[in-house]
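In the two complexes that follow, chain A is the common piece, with chain B as its partner first and chain C second.
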Partner chain A sequence: MKKSLKSLLNLTAFELDRLSKFLYVLIGLTFLSNLISYIVTPMRYISRMNEYMSTQSASSQQALEYYNRFSFYNAIDTVWIAGPIAIGISGFLFYAVFIWYREWMGKNTFAYRLLMLPVPRMHLYFSKLIVIYLGIFSLITTQIVSLFIGFQIVSAIVPGEWFANVNALQAIQMNPLFIYIIPVEPMYFLGVNGIGLVFIIVLFTLILMERSYSIKGIFMGIVYGAAALAISLFPMLISDIFQNQYILYDSEIILILTFILTLIAITSILVSRHLLTKKITI
Partner chain B sequence: MTKYSKLFSILTICLLTLVGFTFYQAQAESVRPKVELVTEEGQAEELDLLYFLGNVHGYDSYRNNYNTTFEYRNGEMHYFDDLSILQKVDFNFTPRMNRYTEDYRSFMRGKSRQTDHYTETDEYLLYTGMHSDVNWRQFNDNSLTISLLDKETNEETAQEVHLTGGSYQSVIAAYLDYPSLTLVTQALDEDSTNNWLIYSYDLENPQDEIAPVINSKHTLGSPTIQLSDSQSKTGRYLSFRTLEPGETDEYDYVLNHTTSGYYVYDTVTEELKEVPSFEEGETVVLTEAETILVGNDLEDDIVWSEWNFEDDSLTEQGTASMVTPTIGRVQVHYYDYTFNQGLQLINGRIYAFEEDYVEDMSRPLFQVIDLDSFDTVFSGYIGVETNLDTSQAELVVYEYSLDYLLN
Partner chain C sequence: MIELKNVQKQFGRKKVLNGISFTIEKGEISCLVGVNGVGKTTILNAIMNLTPIKKGSITIDGKPLVPELYNNIAFIPDASISLPHFTVQESMDFMNDYYDTWNVKRAKDIVKFFRLNPSDKLRDLSKGNQAKVNLLLGLALDVDYILMDEPFSGIDIFTREQITEVFSSYLVEDRGVLITTHEINDIEHLLDKVILLDEGTIYKEFNAEVMRETEGKSVIDVMREVYNG
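On to the complex of A and B.
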């Protein structure tokens, strides 16, 4: 194995070890919360059906006409599913900041030891970036696995004649939330993850600016972040600039946006490299 | 390797799950219902000009929905789901616009996406849209953009014209017989009521400002006027009908409207004449090129006659049996600005459309009549063949049009 790749792998494995507790908590929370949804939602439906049949002296068919069949979609369109996803997204946003600051804010200035390692400093940067994305993809994987297990649980709980014939995949495809976080529509999935990646790369640059220039760095970071945001929003303003709503085709706006985001990501990595190798202080 | 085991395990699980999910999804049976053209009489090729968008909505219980949007063109169904993401974002839900943006992408840049704003002939593609149609922040100041694309040379010429005679003008149709252009607009009158204005313009003699040749409301004296908009927009004649308020309720609310007359406008002589009416049955008026066809609608049959604009003579041509007593005679409300849109006369064929229902399921019907023999050369419907466990599937056809230059 090449020495530089080995050092990157070592650092990534090290960062993953440090992330693992946090990640396991999020995975556990996702499974637990989803499990509640897979059990509570169909149970509540069954109880409502039974109650309707007993209070109204109605047949199963009449109750079905009133409440409709229960589908797996009903079990996954709940806060118990959306909640852990929201916690996971905000958790990793927090971790993207924490992953840098803990090197300086810990009991010992661990940053000193990390920066003195005989490896390229950008390996530190990339190991942190990789591990955050590995964590995000672990949660996505957890969600996918959970949904297919959940389908078995829900179909076992709900009586066959009350269960709508919608399979796990159809239910996933119908839920608008999953279009963005699960590769139901690969281009949406790549788009959302691409925007997220650029966001984290820019965030890393802002953190390194603050670490390099202290108070002055905060202002530099605000200006840099605002500039990156303004440039990213530029394609949406083209129609206003030209006073013509149809001056660009929507596909062209997407291609321009992709180009701009790529440019922002490359610029941010280059700025981060400069800061990390030349400016950062311990 | 032990220190990397966690890293590689997580990486492997993630990759396997994501690849597995993508593969499973690709392999899974498609949930979309299939849509097909069912021929009951004649040849399906007769309907090759037909161009429409449709949507099938299937459901088996509350919230378990399946939606499939498709486009029918060149005699085939094209499913929206099969388009790439970039094609999807450029997709127009007006079918002819898709062909224009595909074939004349550069010309279409900066122009609105409303079918009414385009007229196509074998030689030209004409755009007539107000400034405010493309600049949504701009107040409609009655400034019109006229752009003409010469299909052979790919040369585009643009002109700016100010329309007088009404405010808040919007172009409803433009009829082209190069270099003569007849514009039909809707505008607000001085009393803020809707009105039809007709303008005549010479594309080879640009003007800064034009005044209407006809102010329909003043000429016809009716508060409600509707236009029968031909698909080809190259004919010499335009037909209108006037409506009068019928019964009113105790609050003076108009309960119904009755047709008070049919009129034809000659774009060459700039004259407007009333079409003779029939003693029995409704009237339908279709125009193409130099022909004005007047139909006496007897429900199961329509007796077609050719009307001579010059001498007012009506010559019976033949009787066409309609597959249903209502096909082609789409119900029009007084607030609609067009009528006759379920019947179109193109290349010597009458195309009729109807939104039919069978067992609560929508089933769009089509009929094509040959004007030489007045025989039905096609009749059929759009059917849904579903592989879902659906108790119902709804089919909606919209933006139905006949792309007469498609072949």
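On to the complex of A and C.
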């Protein structure tokens, strides 16, 4: 047991090392882009305020009435903040596919070495899954740290009388993007990450189907993926399907959805285990 | 003993292996020979559970291949299977991290024997030196069985001579070795068993030395008879 855990940790550390460059780029991009937002957005506001006051011969109070106070929310509701988040999400989606296919790429087939390691093959699977989530959480942590640094920057740039009394946490809670990716609302955070995790688990199964059965595997994957999606959507469509004879409360839908997603995740892991141990082909 | 019983495999509609049965004993060097596409590599991949078989069974010392058994059987494919950005030393460290049977002293001996530089990156090595690293990573394991796929493929004559030396050295002593090669001339005198494949079946299984003594034929002569009709 101890040896098995050690090999899983070794593999995870190995995969993390392979992810590191990609992750550093995403972290750097997030910091840089956020920094631009924290500096450029309040500077623009100050410039607009000053321009209004000089062109209209208005007082600071009149300018405030025209433009309102600047809050931290204004600094985070920009494409400089949303952009790296979108890049991070699509980057990790790409990486979830790349993390398997790179083992077969090129003339040096590292899949040989990995599949011949004297460790359960599911360790390969879990190390890849864990690393993707470590990457995602590293990026979320970066975003959180950046937000709190950003608040200090913005409050230092904007004059006190022009700065609205909205703290970083309130600003994050007001942002429709952040309530899903930052754990300020635990239910939303768990929901989004739970759905994301099941999505990656199903995606891994589809990849392993293709790696095991080639073209036939692609069709199997399409059918499996479509079936998983249809089953997941079922609780939301119950009232439509039964023409409003059965209407479920939101809490009931969430409960059924949680059950269904758990079932899909378990089934996918079992299918992946079978493929990885019995069907995968070099 | 590695034992294959009635192994069958097909790719799409094409039957590649059609009832292959043979054994590999410890202390024996066996060679799978046959023209391209006859299923030699598929057999090695099947033994290592890298290609699932359709029917039949493959056992190692009476047991089906489970992950722990990779500590007791080494496969040396004909392409580099370590990461290109790894150095030779990093490739060895990787093996040491996972294999209980990695023998550090033997690895050092092999590095010296092949005159490899541990700090060289694999991507910078010539094909011959990459083949040597492949051999290093397989031969430094204290295993009972070694499978080698075309170890002489695309390498110069001097490297070939060095690799041939391996077959008569302590590195393969007391181990069961199964090799596939087209360059049979170089190692013919070292072989205990030759398994000649044709159209997915074993056409003939014989001892190269006995064949030479009794019928006056080399392995190449036997292959000519089979493939030239």
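Just so it is clear, the second predicted complex is superposed on the first by the 277 of 282 C-alpha atoms of A that agree within 3 Å, B and C clash if a C-alpha of one lies under 4 Å from a C-alpha of the other, contacts with A are read in each partner's own complex, and residues count from 1 in each chain.
To be clear about the criterion, a residue touches a chain if its C-beta (ideal position, glycine included) is under 8 Å from a C-beta of that chain, and two chains touch if they have at least 3 such contacts.
Keep in mind it's a predicted model, so treat the numbers as computed, not measured.
Participant: May I ask you to decide whether A:134 touches chain B, chain C, both, or neither, giving the answer as first, second, both or neither?
Facilitator: A:134 contacts chain B only, not chain C.
Participant: Identify the partner contact of A:186: answer first if only chain B is touched, second if only chain C is, both if each is, neither if none is.
Facilitator: first
Participant: Kindly classify A:165 by the partners it touches after superposition: chain B alone (first), chain C alone (second), both, or neither?
Facilitator: In the superposition, A:165 touches chain B alone.
Participant: Let me test your reading of the model: by the given contact rule, A:110 touches which partner, first (chain B), second (chain C), both or neither?
Facilitator: After superposing on A, A:110 lies in contact with chain C but is clear of chain B.
Participant: Looking at chain A, does chain C or chain B touch more of its residues?
Facilitator: Between chain B and chain C, B touches the greater number of residues in chain A.
Participant: Touch test for A:20: chain B only (first), chain C only (second), both, or neither?
Facilitator: After superposition on chain A, A:20 lies in contact with chain B alone.
Participant: In the overlay, answer first, second, both or neither for which of chain B and chain C A:246 touches.
Facilitator: After superposing on A, A:246 lies in contact with chain B but is clear of chain C.
Participant: Tell me which partner A:254 touches in the superposition: chain B (first), chain C (second), both or neither.
Facilitator: In the superposition, A:254 touches chain B alone.
Participant: Looking at the overlay, what does A:69 touch: chain B (first), chain C (second), both, or neither?
Facilitator: The first partner, chain B, only.
Participant: One more residue to check, A:10. First (chain B), second (chain C), both or neither?
Facilitator: Both partners.
Participant: Under the contact definition given at the top, report the residues of chain A touching chain B in one complex and chain C in the other.
Facilitator: In chain A, residues 10 are touched by chain B and also by chain C.
Participant: What residues of chain B sit close enough to touch chain A in their complex?
Facilitator: Its residues touching chain A are 3-4, 6-7, 10-11, 13-14, 17-18, 21-22, 24-25, 28, 31, 60-66, 84-87, 89-90, 101, 105, 108-113, 134-138, 389.
Participant: Name, in rising order, each residue of chain A that touches chain B in their complex.
Facilitator: Result: residues 9-10, 12-13, 16-17, 20, 68-69, 71, 73-74, 77, 134, 137-138, 140-141, 144-145, 164-167, 169-170, 173-174, 182-188, 240, 242-251, 254-255 of chain A touch chain B.
Participant: Spell out the residues on chain C that touch chain A in their complex, using ranges where they run on.
Facilitator: It is residues 45, 48-52, 67-71, 75, 77, 79-84, 94, 97-100, 122 of chain C that touch chain A.
Participant: Which residues of chain A touch chain C in the complex?
Facilitator: Residues 7, 10, 14, 106-110, 112-113, 115-121, 278-282 of chain A touch chain C in their complex.
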